[in-house]
Amino acid sequence: MLSPNVETFLGCEAPFNEARIVLYGAPFDSTTSFRPGTRFASRIMRGESYGLETYSPYQDLDMEDAKVFDSGDLELCFGDAEKALKDIEMRVEEILEANKLPFMIGGEHLVSLGAIRAVARRYPDLHILHFDAHTDLRDEYLGTHLTHAGVIRRVWDIVGDGRIWQLGIRSGLREEFQWAREHTHLHKFDLKAMPQAMAALKGKPVYFTIDLDVMDPSVFPGTGTPEYGGVSFKELMEAAIAGCGLNVVGCDIVELSPGLDQSGASTAAALKILREMLLKLEEPFIKGPEQV
Amino acid sequence: MLSPNVETFLGCEAPFNEARIVLYGAPFDSTTSFRPGTRFASRIMRGESYGLETYSPYQDLDMEDAKVFDSGDLELCFGDAEKALKDIEMRVEEILEANKLPFMIGGEHLVSLGAIRAVARRYPDLHILHFDAHTDLRDEYLGTHLTHAGVIRRVWDIVGDGRIWQLGIRSGLREEFQWAREHTHLHKFDLKAMPQAMAALKGKPVYFTIDLDVMDPSVFPGTGTPEYGGVSFKELMEAAIAGCGLNVVGCDIVELSPGLDQSGASTAAALKILREMLLKLEEPFIKGPEQV
Amino acid sequence: MLSPNVETFLGCEAPFNEARIVLYGAPFDSTTSFRPGTRFASRIMRGESYGLETYSPYQDLDMEDAKVFDSGDLELCFGDAEKALKDIEMRVEEILEANKLPFMIGGEHLVSLGAIRAVARRYPDLHILHFDAHTDLRDEYLGTHLTHAGVIRRVWDIVGDGRIWQLGIRSGLREEFQWAREHTHLHKFDLKAMPQAMAALKGKPVYFTIDLDVMDPSVFPGTGTPEYGGVSFKELMEAAIAGCGLNVVGCDIVELSPGLDQSGASTAAALKILREMLLKLEEPFIKGPEQV
Amino acid sequence: MLSPNVETFLGCEAPFNEARIVLYGAPFDSTTSFRPGTRFASRIMRGESYGLETYSPYQDLDMEDAKVFDSGDLELCFGDAEKALKDIEMRVEEILEANKLPFMIGGEHLVSLGAIRAVARRYPDLHILHFDAHTDLRDEYLGTHLTHAGVIRRVWDIVGDGRIWQLGIRSGLREEFQWAREHTHLHKFDLKAMPQAMAALKGKPVYFTIDLDVMDPSVFPGTGTPEYGGVSFKELMEAAIAGCGLNVVGCDIVELSPGLDQSGASTAAALKILREMLLKLEEPFIKGPEQV
Amino acid sequence: MLSPNVETFLGCEAPFNEARIVLYGAPFDSTTSFRPGTRFASRIMRGESYGLETYSPYQDLDMEDAKVFDSGDLELCFGDAEKALKDIEMRVEEILEANKLPFMIGGEHLVSLGAIRAVARRYPDLHILHFDAHTDLRDEYLGTHLTHAGVIRRVWDIVGDGRIWQLGIRSGLREEFQWAREHTHLHKFDLKAMPQAMAALKGKPVYFTIDLDVMDPSVFPGTGTPEYGGVSFKELMEAAIAGCGLNVVGCDIVELSPGLDQSGASTAAALKILREMLLKLEEPFIKGPEQV
Amino acid sequence: MLSPNVETFLGCEAPFNEARIVLYGAPFDSTTSFRPGTRFASRIMRGESYGLETYSPYQDLDMEDAKVFDSGDLELCFGDAEKALKDIEMRVEEILEANKLPFMIGGEHLVSLGAIRAVARRYPDLHILHFDAHTDLRDEYLGTHLTHAGVIRRVWDIVGDGRIWQLGIRSGLREEFQWAREHTHLHKFDLKAMPQAMAALKGKPVYFTIDLDVMDPSVFPGTGTPEYGGVSFKELMEAAIAGCGLNVVGCDIVELSPGLDQSGASTAAALKILREMLLKLEEPFIKGPEQV
């Protein structure tokens, strides 16, 4: 008897019960202001993940030893951002209730808000680690408060002053940079403030959100708003691995728009970041906590 | 002294006061369920329109004799469909108040709803002439009532039974086709019912909305939901010219997604349809009404 | 508890036990002589199938009433054609043993040979209905006897003279056309010989293989060896539906190379052909045999 | 001892001395007003020609029996049209002096002027058979008299009134259409006037120039100025074969811009037209004149 | 009353009278020897500029405080380089007469010659700061003296020995490198000679011309002649800002070919360089001269 | 009398008898496991090579002084890897018998095996210098021992332990990395071990094989299995030049898949590596051995 066609990210085939991490896709890009297309990221990433190996020579760890479940993509409402955020929030609640770590593949950056609403309810002391090219601090954009250009401002509504670390930022309104001085820890241009952020966030429950456009467009052209002057792949990979050594209680990678890079390279970059993050998050369980 | 850089559709350079037709772009695609990108149609069409001639050998008419004003693109809210529709409605009201004919370049098909709301207020006996591959009659889709897959259903809320003529339809839910039997004049697969529709609509105020995907994807691949089995370019051109001989009080062409056809041909098809429609609408004024 | 991510062709979600038709993908293109890429067809088609509706207004039938199981893609050896054919043959045997109809999505045309080997063993009187732009009758090509340019020659090795009907053929060596005169029923350029073929094949067990490049490249550019002068979408759709009214005991559609048509239209064409074929094959079971 | 890498169009491998037809490429597109790229046509066509067969089932003739020499591409000056035309003229003179038929692969349409200058000197009674979407009758464009939008006007300077047959024309200035009434035989929209043209041109020395954009963009999107409403591939193929039955003393196909159609289909269309034209021109020599 | 559709580069909306800098596009690429397409750069850049912010976190300056007027694109003759250069020269004269700084967006590199002719007439002591991958010192190419491969040689005809600083050069004929030793200050491979160039050029009137292909193709693939081994985005940005601190009396950025980079990233790179240059040029007026 | 159309890599026009290096293309990609397309590399590279100059400012050497013969592409069997390898082996034997250096342009990496078989027969002490992103040490993959994922394992069958230096490796199975510890000199992530490799290989006969995907995908996206974290262009160029200073008795560059990078930049990168390698290999003959 033949089996149905199950498709997962490479090596994410643990049964739900045994998994420690649950992946889910959030194919939503309705508030994207410039070039849409991030809705296709999770589906394309799943299919292309078989071009990658399960083994990481960087961490000497193998996805075959990790316990990750891929719950597939949400079916989200286009054209009504609030409705989509609700559906994301519910999925995350379900994952948290099963005592698993929710790991989202965007979609545009606004989807992080849905996840963080649920995670913050469970972890009132939630802190945010945010890699991005853009400030994402607009209070309002073209008449709406729910926009990928303002997602971190909405997150601030929830977690408040001093809880948000923003790294790699190189684009925004003058007003956003000014506002950040009072309300967030914003570090411009690169990820060199990671040691400082790591020290400050140590032990806190952290939601780790990576807008992949923090990479330079020479590395990662497959994104809707390419912003030159970003970090290299290795810089991001190392900082992403480091961040996953924190007490991460939720995370996401967002803003891959695969159709904008027809070579497929941007998708490959996103997948390798994903693999390295999953392996680092799983490291204590693979090696035993004392080995880490 | 140098002039600022005004960009219009080819030959649409009449001053607002003298114009009889006002073009406007509605770059909105947030409810697109499959592949977004129609937001770029009006801007790309303007730039590419200089590949076309002003003269039509089909109608022996020249855009140089037409009086059309291009009011540019609206700046629409992404992620909140109702807000976007309001802004479209206001633009149309402004055009109607100046006693000019509003001609919209979409965007996805939902934008027609904003225009029709305004036009229907002014013309309570409004009828709809609708060319499309899809029924667009869904009452609800992924939890929202405002979706490009249901725009004609929402138009029906306004104009009611028997006022909507749908031609070229070849895709939809079974339920939509059943619903149409009671509420609209739906003709499947092609535009051969045009004489019948023309007879029925003669003298009525008509809003003419063309979803360009009524054309076969071999002709017009640059659209988000290509549906084979459609009409040829000449069939659409002839029917579109015919329709513009009615008492048209508002119209639009929608669903060109220029990035999906990198050859630029689909954009060229949309532009030629636009030119022929504008010329037919202007014919009585160019030739004098008695010549038509 | 969340479910794993099952991906199927639109509406092909019957449990294996209840299904009457079993789909399987054969992602193989190693012998493609010109431009490879058909290996991606089945995966891309699955993902894009959600742009289609389950309902056919042509046949007034709905995939929701069909019983089709999608068994996913085979994992085939690249670089060793014989090995790949063996794996296909085994999958087909498994499907036939369960008394279900095997329906393959290629891949290049050579994959049909694997399927036909298994089907012909079960149905010694097997006949072939073959739509294609190319003769596919080369005995040898670049030193090998297993090549997509000669698949029908290899099929002839199995079924022998007079059993193969070839329609739409418009490309080949002079020698192939000459050879065909003695051994197959070859009809050039279009599908107009279908009534004749239908009459001849009536009641016989038929393997129906459609090389999608039988369509004109204006309709279907997404194929490795585009050959102008082909049939329209409607001509193929009608002939494909007709053919599925025969006693079909196995079938396939091959040679979609999705990456060659970045508009996605060719994939949409293949999917609509697939839907219409599945519905026609299921029609006796949906309507009851006396209604057909 | 290994041989150098000779590249020719499929089956065009006759030694110069034995050849009756000489192909040459004219990679020039400097006056292209909209989207350049035709300079790549001849090189790309050579490489892709191996996707075609040498045998034509339409004419039952085989390139293996034809005597055609491919002299490669000219190296033309970009940015100085007159200089480029001179170089083309010289190549054609060389071919004519060897008593062979010059067959050019453009490039943009202006290149025809260089060839016709040489051919007209040898054949003072030269007539022109011209297939195109565009009138190409502008006397001046953006300040120059040498432009692809006016090439036929410049040809008229040489051959004068009544010698030029223009078919398929569907785009131009009003003034060009008016001018044509007095000076050329212009037939709009399609190739249905071919019998009339054939009768008029019978026995005359004819230069046959085909702007491939006479085909509809649904068939042939790979061209700089796509103009909908054109002819099908079969219509062009049949008319091109017919035209080659005249007393053709020079010919060309121009305006393929291969990069604009990334599927490669437009290149395949151009190649098949080329093959059929070459075969028809060679038919008297292959079959013996009495068989034609 | 609705306004006409004015399109400018982001934040370049000063009235002509108030502006200190005047932008103009020179869409010309007729002498491009390899892959044309730079003619589209200015139009595409205008449209895409809305993906950028007006504020620069690098310089802490905002385009909202700058006074820049966008005069749109010239309509240049294709196929006659001298004619096109004349039109560019006239536009620059007009800008200089109004005592404004001319800033050109190419087009291929030859367009700089038109601008420099006008600027050199006004500033007899003109020096040139030239960033490029290529020497551009050919005296003649394919029979013409006006070619993008020799534009700096033609500039040398005007300004003479020792006035031209060439940085980043990594491609050219052996003879060009030799010639440069006697006539220009040529620095190979990178921009490290900027301090030296800055010192030498201090106080002189400088025309600053940046061939964007000075960037590595990994950063900037959207150019006709990609040449590996180039500078990073940050290196160019910093050197471009530095150069704009000189006494710049004219400048340009050239050789973006947007169609060659379908991700849009190359266009984004060009735009960010443009923004930073404009801000630096405006800095004395925004901050007051004493603050710089 | 006109000459036939000979096409070679830029500057590789020496007669066979005079040449010291013989280029040959191996257009084969049948075992490619992910995205095929490397079969087009040699043909596209030839055509695009005219965008490069013959002169290298890096080495101050000019291809005009080199003696390289381009023998064109082999016509290889698709679908039967062993057959293709045989044909490659025979070509290499022919070149070696003429006492010339064979330089292959792939194709996928498996083609190296054919060349190395012939070279190893002539040079029993053959060593291998291997740059790659991938280990290529799989013994078996999808049921075959001949696969591009295991080519170096097959090479090891021939040359044995300790003879293979692998640099830049950053992807593979855990088992492959383990296996390498015993059998090859594998250096991860970059080319920094070159001095060590150079010392060890000094004087030995070396086959130098470069899988171009050793470069980072930001530099070289045009390859079937992009693997981030690779080396820069300059790093590869310098190491490739260094390696060509060894006693190289055969070499190749493989795995360019030009269609995956539509900007053409990846092809330009491959060509520049090729030029620099050829120049270094020719340096002793151009300068005289004592000058090197």
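Order as written gives the chain letters A, B, C, D, E and F; numbering starts at 1 within each chain.
Here is the rule we use: a residue touches a chain if its C-beta (ideal position, glycine included) is under 8 Å from a C-beta of that chain, and two chains touch if they have at least 3 such contacts.
Please read all numbers here as calculations on a predicted model, not as lab measurements.
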Could you run down the chains that neighbour chain B and chain D together? C, E
Type of chain B:chain C copy interface by residue overlap (half), same or different: different
Take the average of all CA coordinates in chain D, do the same for chain F, and state the distance between these two points in whole angstrom. 41
Would you pick out the residues of chain C that each touch at least 2 other chains? 216, 218, 261-262
Does the chain-touch network form a line, ring, star, complete graph or other? other
The chain pairs that touch are A-B, A-C, A-E, A-F, B-C, B-D, B-E, C-D, C-F, D-E, D-F, E-F
Can you check the complex and tell me which residues of chain C touch chain B? 50-55, 57-58, 62, 216, 218-220, 232-234, 237, 261-265, 268-269, 272
Using the touch definition from the top, list the residues of chain B that touch chain C in their complex. 34-35, 169-174, 177, 188-189, 216-218, 221-222, 225-229, 260-262
Within their complex, chain F touches chain D through residues 1-8, 16-17, 22, 43, 46-47, 69-73, 94-95, 98, 262
Where on chain B is chain A touching in the complex? 29-33, 36-37, 39, 75-81, 83, 110, 142-144, 146-147
